[in-house]
Amino acid sequence: MRSILETFSNSFPQRNYLIEIICPEFTSVCPKTGQPDFGTITFQYTPNELCIELKSLKLYLQQFRSRGIFYENVTNQILDDMVHVLSPRWMKIRASFTPRGGISTSVIIEYPFPN
Amino acid sequence: MRSILETFSNSFPQRNYLIEIICPEFTSVCPKTGQPDFGTITFQYTPNELCIELKSLKLYLQQFRSRGIFYENVTNQILDDMVHVLSPRWMKIRASFTPRGGISTSVIIEYPFPN
Amino acid sequence: MRSILETFSNSFPQRNYLIEIICPEFTSVCPKTGQPDFGTITFQYTPNELCIELKSLKLYLQQFRSRGIFYENVTNQILDDMVHVLSPRWMKIRASFTPRGGISTSVIIEYPFPN
Amino acid sequence: MRSILETFSNSFPQRNYLIEIICPEFTSVCPKTGQPDFGTITFQYTPNELCIELKSLKLYLQQFRSRGIFYENVTNQILDDMVHVLSPRWMKIRASFTPRGGISTSVIIEYPFPN
Amino acid sequence: MRSILETFSNSFPQRNYLIEIICPEFTSVCPKTGQPDFGTITFQYTPNELCIELKSLKLYLQQFRSRGIFYENVTNQILDDMVHVLSPRWMKIRASFTPRGGISTSVIIEYPFPN
Amino acid sequence: MRSILETFSNSFPQRNYLIEIICPEFTSVCPKTGQPDFGTITFQYTPNELCIELKSLKLYLQQFRSRGIFYENVTNQILDDMVHVLSPRWMKIRASFTPRGGISTSVIIEYPFPN
Amino acid sequence: MRSILETFSNSFPQRNYLIEIICPEFTSVCPKTGQPDFGTITFQYTPNELCIELKSLKLYLQQFRSRGIFYENVTNQILDDMVHVLSPRWMKIRASFTPRGGISTSVIIEYPFPN
Amino acid sequence: MRSILETFSNSFPQRNYLIEIICPEFTSVCPKTGQPDFGTITFQYTPNELCIELKSLKLYLQQFRSRGIFYENVTNQILDDMVHVLSPRWMKIRASFTPRGGISTSVIIEYPFPN
Amino acid sequence: MRSILETFSNSFPQRNYLIEIICPEFTSVCPKTGQPDFGTITFQYTPNELCIELKSLKLYLQQFRSRGIFYENVTNQILDDMVHVLSPRWMKIRASFTPRGGISTSVIIEYPFPN
Amino acid sequence: MRSILETFSNSFPQRNYLIEIICPEFTSVCPKTGQPDFGTITFQYTPNELCIELKSLKLYLQQFRSRGIFYENVTNQILDDMVHVLSPRWMKIRASFTPRGGISTSVIIEYPFPN
């Protein structure tokens, strides 16, 4: 799936700065109930040599539209794919899902993983 | 009561990440007045080997629906039950109750207990 | 159930005025799933000879806490009970329930029933 | 109590216009429980020959600070006193009280009384 | 598609009242770009003999998940299907879609169609 | 004071349309206490042959900066000046002042004056 | 300018329904100061035989990016162009501009023009 | 005054946790003007052996209803009384008063007092 | 100007606590354009031996009503005057001005000045 | 481009304080699609010897109105130009752009660049 992600050269690799990307139109499928899940994925990262190309990120996230996958797994996989493609200096992902059974869930992961 | 809580394997035990769960439909009974209390329970935790299964958490919280229990006790008991079942690396619970007599109360507990 | 509702004399029966009562702590049980429902009941009425006593209204609404009843039925029954006890000149009830399966529902009834 | 209300001459009696006054610091005492009530009183009126002087309105409303009086009565009495002193062409009062036992109440009166 | 919609008997057909249903998790596909659209569908209706069963409504709306269809068409079709199945006395649908190219669109249809 | 108001030709005098102007930076002086008052003046009008030039309106309103004048009088005078200069088909002014002694006041005038 | 506007056939010309389009990214140039203006254009219309194609609307509005034009004129011209191209049964445009000199302005036009 | 405050045993004295109490219905009297003051008192504390009983806290705060006392003094006195009765490990009080003369004031005190 | 500022004795000089004062009705004059500026001044300070008397602070700030002074200068001067009069242990001032030319500006100063 | 930026002398160079400037009316052009981008640029800086003159900053930002430039580049260039002209002790820029394809992006840069 991650092969769809495209990058472009960071023009300012010698400085540490932050890019924040908010994707409120994420949807996947609950592997247990087969029902669609909806959420907002927020990325924050400090680029190294590469930045993520936004249209390819949109298409990458759309690949989850028909996939059955749990909250924790989808968030970790997105982090892994982004880290693999970008090798960022730092990255944080927050995935916040809409309520099911009256309960809302978010998964928050930071890379490098804190001790 | 805690036997109703179910878990599933954390697929990423080697990394520290955060799961946040918001349950705005909590209700119990005030042991003094016999009147129902209403509140929102928010969990934040870093899983170890186990994650909480959400439907079982919902059913667990519903067990308080007819129980008479004070704010402080219910929050501490929920923390104890969750810690017993999950052995998380870190957990924080905030229980925020609706106003009674014009006064709103929250109880916030963090595990491991700070010094 | 309606026998628990108490009234007091409207001191100003010769004038038409409005009383609005908002009860955000309503809970009943879904007869299909056995799961608790949560909602806000809002009353607006023009009293005739009688006004509703608020504590008795609270106790009346608490009687639904363990009852299995559908949204449409609970709202119509509350209207019927209130109309029976108060004989108001006009009354409107809005019952707004929290999301289930990502869907929120409200039921709105006005008395006398519009043509 | 109404003798404390002062007025000044409406400089534009030949035109119908609206004055809106919001008093969010109203407090009285519940005659049943002896506990203080808190609310916001909103006035809207079209003056005839007289307008209400604001400081005297503030002092008038402060007279309820130690008085035991029900929601419906306090709102009707304020309307009666204001109508007596101002003889407005039209007046509407909305009194919105803070929650008690999880229930919020407002009383809304319009003068002349609608049929 | 409409065969998936289930109904239940309106227990109060002799009175006109309103049911409001908000579905914020609607998604379909733009037939022009192949990109997913996201929106909120709000229903208001006065039932005749039948009410819509909520879970079947959820499943009905999920059928649009992979269909390419324009905003105007999807809203009109949902209205037609609901009217066909429910024969309501009155119904209004508002479909509000998230921004595309910086532009947000809503389609609002009322039945019976106003002159 | 009104001589400072400038106008420009309405290019569309044959059609009725609405212009809305919000001025949140109004300040005058209370003639009783000598203390400054602050408020927001909102205009809505349907132009006839003339529209108000915005910079001249700003300078006109600034003339009240050092003037002692009551809420009711300032609002009526602004309406009179605007009507005199613009001869609009319709105009409504809402002047909303910040709280004094915990009480907020607005004055709302419509031209032509309603019966 | 209006030649850039494209339409598509209204598939439901026999029914009256409403389309609402919100364009918060409008910018033009003040002909007096040469400074850019910013605003939100909101359209509401009941289509006749034709609906507006959204991408062409976006490109049409972008044509104002470098044009010097007053608030009243730009709003009236957009209405005229849309009416010319769509021949709608009804249309309303609200153009709300950001503050200049502390003053915000909106222009609201409805077609057919009210008497 | 502090003798009215009642406590109950902290069931979890071996752990450090936080209790937050929000009291938006505080009122006292300004000793200078004799006019009532209104505010919100927010408590946060880590209990030692004792927790505050909420109804007694409400009655304690009501004792200020007729007392003339300055903002700084009332906040410090409430802290002193609470610390005397509870001997908490940590406590913070924020008292936020409504605007007077267009100016809002808060007083924030933490115990033990920071260096 | 600072001679108008009055103080009163801090009754609790042995403890470090915080006083926060919000003044949303500040206005001065731009020395470049002669146009009025509007803003909100927020003070936070830890008193030493003296506290600021609020009415004198209001009168002090009103002295800027007719003075031409830049944002940076007015904020620094207010800080200097307050520090001169109060000798606080710590003070922070935030002055936030309303937009001019679509641009909003705030100036934030802390005393003692950070390195 | 940066030659348009004007400065004035910081009257308080011996103290570290903060100036915050919010510019919500930024627009440039996407070099890929040729479509306009819209965003809010927020500056925070501690001046050294020089402060930025606001009108020149407005004119400087308007130079991007017709330029094709990527989010990351525009933000870095603005920082570089401001640092070149002001030599501030510290500066942070946040550029937040409106959604494209359902995705919002911000770029945040701090000077001196953190390690």
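As written, the chain order gives the labels A, B, C, D, E, F, G, H, I and J, with residue 1 at the start of each chain.
What we mean here is this: a residue touches a chain if its C-beta (ideal position, glycine included) is under 8 Å from a C-beta of that chain, and two chains touch if they have at least 3 such contacts.
Here the structure is a predicted model, which is why all the values come from computation and not from measurement.
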Farthest chain (mean CA position) relative to subunit H: G
Listed pair (D-H, A-C or H-I) duplicating the B-H contact set, over half by residue number: H-I
Whole-Å separation of chain centres (CA-atom averages), subunit B against subunit E: 37
Averaged-CA centre spacing for the pair subunit I and subunit C, given as whole angstrom: 52
Distance from subunit G to subunit E - Cα centre to Cα centre, in angstrom: 28
Set of subunit D residues in contact with two or more other chains: 24-25, 35, 38, 98, 100-102
Those chain pairs that satisfy the touch definition: A-B, A-C, A-E, A-J, B-C, B-D, B-H, C-D, C-E, D-F, D-H, E-G, E-J, F-G, F-H, F-I, G-I, G-J, H-I, I-J
Sites on subunit H touched by subunit F in the complex: 35, 38, 98-102
Residues on subunit H engaged by subunit I in the complex (per definition of touch): 72-73, 75-76, 100-110, 113-115
Subunit I-touching residues of subunit J, taken from the complex the two chains share: 10-12, 14-25, 51, 54-55, 57-58
Subunit D contact footprint on subunit H (complex, rising order): 24-25, 27, 35-36, 38, 62, 65-66, 98
